[in-house]
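Each in C-alpha cells, the structures are laid out below.
Next come two complexes, and both contain subunit A; in the first it sits with subunit B, in the second with subunit C.
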Partner chain A sequence: MRLGALVRKEFLQIVRDPSSIAIAFLMPLFLLALFGYGVSLDAERVPLALVAEAPSTDSAEFFAALGGSPSFAPRTMDSMVAAERALLQGEVDGIVRLRADFARASRDANGAPVQVLVNGIDTNTARLVQGYIEGAWSAWLAARAARDGGALAVPVDIAPRIWFNGELRSRNYLVPGLVAIIMTLIGALLTALVMAREWERGTMEALLVTPTSMSEVLLGKLAAYFVLGTGGMLLSVALAVWWFEVPLRGSFWVLWAAASLFLLAALGMGLTISTLARSQFVAGQVAILATFLPAFLLSGFMFDIGSMPPVVQALTHLVVARYFVAIVQTLFLAGDVWAVILPNAAALAAMAALFLGLTWRKSRKRLE
Partner chain B sequence: MMWRRLLALVHKEFLALLKDPRSRTVLIVPPLMQLLVFGYAASFDLKDVPFAVYDEDGGAAARELVAHFAGAPAFRLVATLRDEQALRPLLDTRRALLVLRLGPRFGADLAAGQGARVQVIIDGRNSNTALLALNYVRGIVQRYNEDWLAARGRAGPPAHLATRAWFNPNLESRWFFVPGIIGMLTLVTAMLVTALSVAREREQGTFDQLLVTPLRPSEILLGKAIPGLLIGLAQASVVLLLATSWFRVPFLGGLGAFYLGLTLFLLSGVGVGLLISAMAATQQQGLLGAFLFMVPAVILSGFATPIANMPEAVQALTWLDPLRYFLVVLRKLFLEGADLALLLPQLWPMALIALGTLTLAAWLFRHRMY
Partner chain C sequence: MSGDAPVLEATGLCKSFVFGKRVTVALDAVDMRLVAGRVTGLIGPDGAGKTTLMRLAAGLLVPDAGEVRVLGRDATAESLAVQAELGYMPQRFGLYEDLTVAENLELYADLQGVPRATRAARYAELMRMTGLAPFTRRLAGRLSGGMKQKLGLACTLVRPPRLLLLDEPTVGVDPVSRRELWAIIDHLVASAGMSMLLATAYLDEAERCADVVLLHEGRVLARGAPRALSAAVAGRVWQVSAPGMAPRELQDALSRAPGVADALVQGEHVRVVTREAAPPTLAESPSLRADPVAPRFEDGFVDLLRQARSDLARDIDMGPPRHAVDADDTRAVIRVRGARRRFGTFWAVDGVDFSIARGEIFGLLGANGAGKTTLFRMLCGLLPASAGRLEVAGFDLRRASAVARARIGYMSQKFSLYGNLSVAQNLAFFAAAYGLHGAERAARIAWAESTFDLADSAAQLAGLLPLGYKQRLAMACALMHAPEILFLDEPTSGVDPLARREFWLRINALARRGVTVLVTTHFMEEAEYCDRVAILAAGRLLALDAPAALKARARNAALPEPSLEDAFIALIQAHEQRVAS
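Entry: the complex of A and B
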C-alpha cells in the first residue's frame, strides 16, 4: 500500500520532468538510428592509386585483378610523386606500384616485387587495405597459375568459413552490442540523480519522518525506473530485429530475462552513484565518467577482451556491460548457448545484488 | 573593474568545482586512470587468440603447418579435436575463436603438387575480430608457403607484395588509439565541468542572483568558460606527457600547434557544454543533454570506425562534431609531425563551432527564464 503510493509518486515525477522519458525512449531511438547507420567497419570502395612505371599487358592484368574487386575504387596515376601526394592528403588509402621491369621480373625465379604503400596513421584502415590487396594478389596468382597450366604457385590455400555471421556484416555484431551500451546509459542515467535529488532538495528528510522504511523508498524508485527501462529495452530490441534486420536466433524470453537482470544491475549502479555522491552535480559527473567510456571500450563491444593485458582484463570484470554484451551477441547471432549465457547471467545477478546491497546499506534512515 | 568582477566569478566557479572533495577527486583521478586503462584496452592487435586444430591427416606437412600457428604470439592452441562433433560446442561456447581443419588428403595433395586446402572455421559473432584473425591466418599460411617452396627449391610466385606503411611502420594499433583517447578524455572533462554548472545554479536559484549583479552575460559566460578551459589544458598536458613517456607514442609535431588545437577544441567543447547547460532547467536534463551530445560525438568522430565508411548523410553530420577535427589534429601532430599550415583546415571549423555555441549560450542565459 505504502509502496504503491511511492511508485505512484515516482511515476508522477517522471511524467512532470519528461527528461526521464526522453532518456528511456528517445535515447535508444536516436542512438540506434545514428549508430546503426554511422558505425561500420566494413570498408567498401577503398580509394587506391595504381602506378605502373612501364605499362604492359602483365601490369594491366595485375591491375584488373584489383579493379575487379568491389572493395576498391582504383585510380591509375602517372607518377609516384602524384600518388604519394594523394596518399599524404588522404585522397587515396594506398598505392600499388609496379616497377618498370615488372613484366620481365615476373618471369624470373625470384618473382617481381609489387610495392604497396599504405598510410599508417589510421592503422586499422591500413591493415584492411593490406588484407584486401593480399586477397586480390592471391586471386591473381591463382588465375595465372591456372592459365599457365598448373605451375603450383600457392601450396596451401585457405578456405574460410564464417559461422554465425556469414557475410561478416559488422552491423550484425555492432547493433546487439549497441543495445547493451545504450541500456547501460539508460539504466545509470535514469537513477544516477534520483537519490541525490531527494537529499539535495530536502525531500528525503520529509520522507524520513513518514512511516515508510528506506527499503520501501528504494524499492519504489527501482520499480518505477525498472518499468521505464524495460520499455526502452523492448524498443531497442524491436529496432534491432525489425529495422536493422539483425537475426535473433536465441529465444526472446531468455533475452528478456537477461535484460531484466542487466537492467537491475545498471539501475543499481545508478542508485549507488546517487547515494554515495549525495549531490546531483557530483553524481552527474560520476555518471558521465563511469558509464559511457568504460562500456564503450572495456565491454568487448569494440575491442577484443582476450587481447588486453591481464590487469586490464581483470578490470573489465567490473564493467556491467561486459556480461550483457557477451549474452546479447550470442543470443542474437548464435542462439541459446547456455554455457555462455548462464555464467554471464550469474555475474549480472551478482553485480545487481552488489550495487543494490551497497545502496541499501549506505542509505539508512539517518541525517548527516 | 571588469577584470576584478570576472576574476571574482572565476574564483567562485573554481571553488564550486573543487571545494567538494568528491568533485575534486572526480576531476583529477579518473582521467589519468582512464588513459592508462583505455590505452591498453583500445587496440585492434590480437594476442593469444584461442584456436583449435582438427587434423584428419596427421602427416608431417600438416603438423608443420599447425606448428607455425602454435608458435605465433597471436595464437594459442587450446584443443586438438578428434572428431567433428567436438567442433561446434567449442566455437559455440567461445572457448576457441577459430578451428583449423585439415582434410585427410592434405599431405597427399600437397605432395602431388595440386595445392592443399585448409579450412578455417571462425566465430563471426564479433565480425571485426574475425576479420582481423583471418588476416593473421593469411599471413602465417603465406609464410608457410614461402618456407615450403624454398625448402624444395621451387620458383616462388611470379610476384610478391612488399608492403610499407608510412608514419607507423609496424602498424601499431596503439599509436592510432592513444592520441584519440587524449581527445576523448578532454571532451569528457569539458562536459564534466560545464554541462551541469548553469543547470545547477538554475535549480538552486543562484543563477537569478547572478543575473541581477552588474555582471554582463558575456562576463558570466567567460567566468563559466575559463575554469573548464584551464582544467582541460592542465589535464591534457599531463595526459600528453603520459602518452609519450608511458606508452611511447612518438610526438613529432610542435607543442605550439598542439596547444592551439587544444585551446580551440576546449573552447568548442566548453561552448557545447554551456549551451546544453543553459538550455536545461534541471541537472537531470543537463546530464541527458551531455550524453546526447557526447556519445554521438565520440562514435562519429572517427575514433574507432573510419568516417569514410559512414553513409553520406551521417558524414555530413560529422562536420558539426568538434572531436572529429581534433582527432585529425592529434594524429597528424603525433605521427606525421604536421605543421600549422597543414592543420589549418581542421582548426577553423573548431573556432567556428566555439564561436557559435558560446554566443548562443550567452544569449540563452538571459532569454531562457523559468
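Entry: the complex of A and C
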C-alpha cells in the first residue's frame, strides 16, 4: 500500500510538473531532430576553389570530375591570390591548384604534381576533403586511361565494400546512440533533480517521520522513473526506425533488455548523486558533469573510442553509457552479435549493482 | 504506561554540527520532561536549538550524548517504532504542491497505514476542523500560507498520534489563521487528550501553553508554567507616561536609566520592568507617572535573558545623518493616491490612499493575500502600478523609480546578505552598489562598523554570524547610503526579544533624525512600535490609525483591554461579515 501510494504520487507529480515532461519527452524530440537532421559527420557540398594556372582540356576535365561529386561545390578562380583570399575569408574550405605544365606533366612518367590546400581548422572535414580529392583524382586518371585505350599502371586495385552502414549515413549510428543519451537524461538527471527537490521543499523530512522505510521511498522513485525512462526509450526507438529509417537488424527484445539494464544503472547514478547533493542546483550540475557530458563525449556515441589517446580510452571504461552505446549500435546496424552484447551487458549489470548498492548503503532514515 | 509517565523525556541531550572548521553547539546538556495531555511550548529565538530538539525526538538525528525517550521508547534506537506513534510537523511541512488537498491527505493516509474503512470519516473530520472542505480539489501549491499550515497539520493528524511535535506552526501565518490554528490545537488537547510539543519564537503564544521550556543558545533557561515565569517579575512591571514627552523619547531615556531592566513602547505608554520592586524615576522628568500593571510572559523572559547576557548595547548612537534633514518638516514623504495593481483579472491592490510624514514609523498589516506585499513592492519601485499615483521622496515612481530607489533603504526578513563574503566585504559591496566611492565610501563603512559594533567581526563570513549580528549587518547595509526612507519587511521575526529591542532602539533613533520608516509585518509586537498602522484587506484600506486608537475601537465589555491582535482580528472579521452579507 505504501509503495503503491509513493509510485502514484510520483506519477501525479510528473504529469503536473511541466519541467519533468519537458526533460522526459520534449528534450528527446529536440535531440532526435537535432541529430537526425542538423548534425552530420559527412562532408557534403564542401566549397572548393579550383585554380588552373594554364587552363587546358585536361584541367577542365579534371575539374568537371570534381564538380560531378556530391561532396564538393567547386568554384573556378583565376589566380592563386584570389583563391587564397577566399580560403582566408572562409568562403572555401580548400584549394586545388594545377600548375601551368599540368597537361604535359600528367602524361609524363613522373606524373603531375597537384597542390591541395585544405583548411585544417575543422580537422574532420579537412581529412574528408583530402581523401575525397585523392579519390576523385584516381577515378579521373583511371577514366582517362580507359578512354585512351591503355590500362592505368597501378599494381594494387582496391575494391572497398562497406558493411553495416552501406550508405555511410552518419545518422544511422548517431540516432541509435541517442537512445543512450536520452535515457541518461531521464534516468540520472531527472531522478537526481526530483530527489533533491524532496529535500529542498522539506517533503523528505515529512516522509521520513512516517512509518515508510527509506527503501520504499527509493523503490517508489525507481519504479516511476523506470517506467518514464522506458517510455523515452520506446519513443526514440520508434522515431529512429519509422521516422529516420535507421535499420534495426537485431532483436527488439534484446534491445529492451539491454535498455532496462542501462536504465537501472542510470537511475542508480541519479539516486547516488541525490544522496550526496541535496539541492536541486548542485544535483543538476553534478548530474550533467558526471553523467550527461561523459555519455555525450566519451561513450563512443559521437567520437570513436578507438581513436582517443590511451589515457582517455581507459577513462571511458568508467562511463556507463559506453557499454550501452556499443550494444545499441551493434543491435541497430549489425544484429544480435552476442560476442559484443554479452560482455557489455555484464558490465552494465555490474554498474547498476554498484550504484544501486551505493545508494542503498548511503541513504539512512536520518537527516545527517 | 501510567498516565503520569512523561511522553517525552530528554536527559543530558547534546548535539553539535560541524560546518567546515566551525562547530556549532545546537543543544548543550538539555533535560526536559513533557507531561501527557498538555501543550508544552518550546520557546526560544531562531537558532536556540528548537528544531534540533524536535528532530532528535522524531529520530531524524542521532544525539552526540544523552538520550531522548518518546512514549517510553528510545527515539534513536527505536526510531521506526517511535515514528509509528508520533506526529511531527516540520517547519516547512512537506506538502506536495503538485498534488491536490485530497491527494496529499490520501498519500499520508497510505504512508501512515490508515485503514480504508475509517478514512472517509477521518477526512471529513479533519476538513471540518481546518475549514478546508471547500478546497479539497485545489492544488496544495495554490493555497495561502495559513491554509498550507492547516493542511500540513491535517496530514500529520490523518492517523491520530499520541504525541504531536509542531515546529513553529505559526511562522509566516497571519493573525487570523494563527488564531484558527490555535483553536485546532486546543481542541485536539481537550477532546482527544493529545500531548503536544510546540516550538515557537512568538512570546505571546507561550501564554497559551500549559508548560513552557525556554531554550536559549542550546540550553534550558527556565521551565514550568508560563505564569510562574511572569510571577518572577510581579510588582516590577509598570506602565509609564510623562507629560510632554513622546513615548519613543521616553523609552529612550528610560532604557538608559539606572534600575530599569526593560523599556518598551506600547501604544501611548512605555512598559517598564525595573530591577527592584519600586517605580522607575527619571531625573529629567520629575512628573513621571508609573502605574503598576500585571506582568506578561515576555517581561519575565526578558528579565531572565538580561541576567544571562550583559553584552547588549543600550546606548544607541546612530551618528550624524549624511543629509541635513529638518525633522520639523512635516510634509509627506510618501504619498499614495488611488494606487491599483492588477495581476490578470485579479486586483491585488484596489485603490489605496495614504501619506506618510517625515520621521514617521508606519506599519502595513494585513492577512495573507490582502495585497501587502504587492503594495510594498510598488512603493519600493519594484512593481509598476496599474493605475494611480505613488510618490516617494517627492519623485513620481512611474517616471523616476530609479532616482527614488536611491533614497530608499530596504531590509527584508531574510537579510539579503552574501553569506560567503565577510562582513567587511558585504559592507564594501553594498557601499559600491549604492554608488559611494573614495573618502565618502570609507567614511560610511567606518560609520557602519562603529555604529553597529561590527569592527571585531569584520573578517568573519556573514553566513556564519549569529542571527543578531546578521540583523545588524543587514541594517548597516540598508543604511549605507544614508537613505531618507527605510523599508522593513518583517525585520525582527524569529529574533530574540533582546535583539528585537536593540533593533527598535536603532529604528527610533533614525526616526528622530527624520528618517521615515515603513514596516510590513504579521508580528503584532512590531506593529506596536509604529506611529500609525494601515490594515489592508482584499486590496483596500480597512483602517488607518494609531495603534492605541485601533485598540480603543475594539474595546467592549468582553474585551476591556484588547491587544492590537484582537483589534486586527475584530476588524478583519467585521470586514468578512460585510462581504458575506
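Everything that follows uses one rule, which is that the second predicted complex is superposed on the first by the 364 of 368 C-alpha atoms of A that agree within 3 Å, B and C clash if a C-alpha of one lies under 4 Å from a C-alpha of the other, contacts with A are read in each partner's own complex, and residues count from 1 in each chain.
Here is the rule we use: contacts are C-beta pairs under 8 Å (C-beta built on N, C-alpha and C of every residue); 3 or more make two chains touch, one makes a residue touch a chain.
The model shown is predicted, which means the values in this text are computed figures rather than measured ones.
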{"item": "Partner chain(s) touched by A:V209 [first = subunit B, second = subunit C, both, neither]", "value": "second"}
{"item": "Subunit B versus subunit C as contact partner of A:D304, first or second or both or neither", "value": "first"}
{"item": "Subunit B versus subunit C, judged by how many residues of subunit A each one touches", "value": "B"}
{"item": "Subunit B versus subunit C as contact partner of A:G111, first or second or both or neither", "value": "first"}
{"item": "First (subunit B), second (subunit C), both or neither touched by A:A5", "value": "second"}
{"item": "Which superposed partner A:F30 touches (first subunit B, second subunit C, both, neither)", "value": "first"}
{"item": "First, second, both or neither for A:L87, with subunit B first and subunit C second", "value": "first"}
{"item": "First, second, both or neither for A:D17, with subunit B first and subunit C second", "value": "both"}
{"item": "Subunit B versus subunit C as contact partner of A:N172, first or second or both or neither", "value": "first"}
{"item": "Contact residues of subunit A, present in both the subunit B and the subunit C interface", "value": "17"}
{"item": "Residue ranges of subunit B touching subunit A (in the complex, touch as defined)", "value": "20, 22-23, 26-27, 30, 34, 37-38, 40-50, 65, 89, 91-94, 97, 110, 113-132, 134-135, 137-138, 141-142, 144-145, 148-149, 154-169, 171-173, 175-176, 184, 188, 191-192, 195-196, 200, 203, 282-288, 290-292, 294-296, 298-300, 304-306, 308-311, 313-314, 317, 331-332, 335-336"}
{"item": "Touching residues on subunit C, where the partner in the complex is subunit A", "value": "55, 58-62, 79-80, 83-84, 86, 88-99, 103, 106-108, 110-113, 139, 152, 155"}
{"item": "Subunit A residues touching subunit C - in the complex, by the definition given at the top", "value": "1-2, 4-6, 8-9, 12-13, 16-17, 198, 201-213, 365-368"}
{"item": "Residues of subunit A defined as touching subunit B within the complex", "value": "17, 19-20, 22-23, 27, 30-31, 34-35, 37-44, 62, 87-88, 102, 106-107, 109-128, 130-131, 133-134, 137, 140-141, 144, 150-166, 168-170, 172-173, 185, 189, 192-193, 197, 277, 279-282, 284-289, 292-293, 296-298, 300, 302-304, 306-309, 311-312, 315-316, 326, 329-330, 333-334, 337, 339-340"}
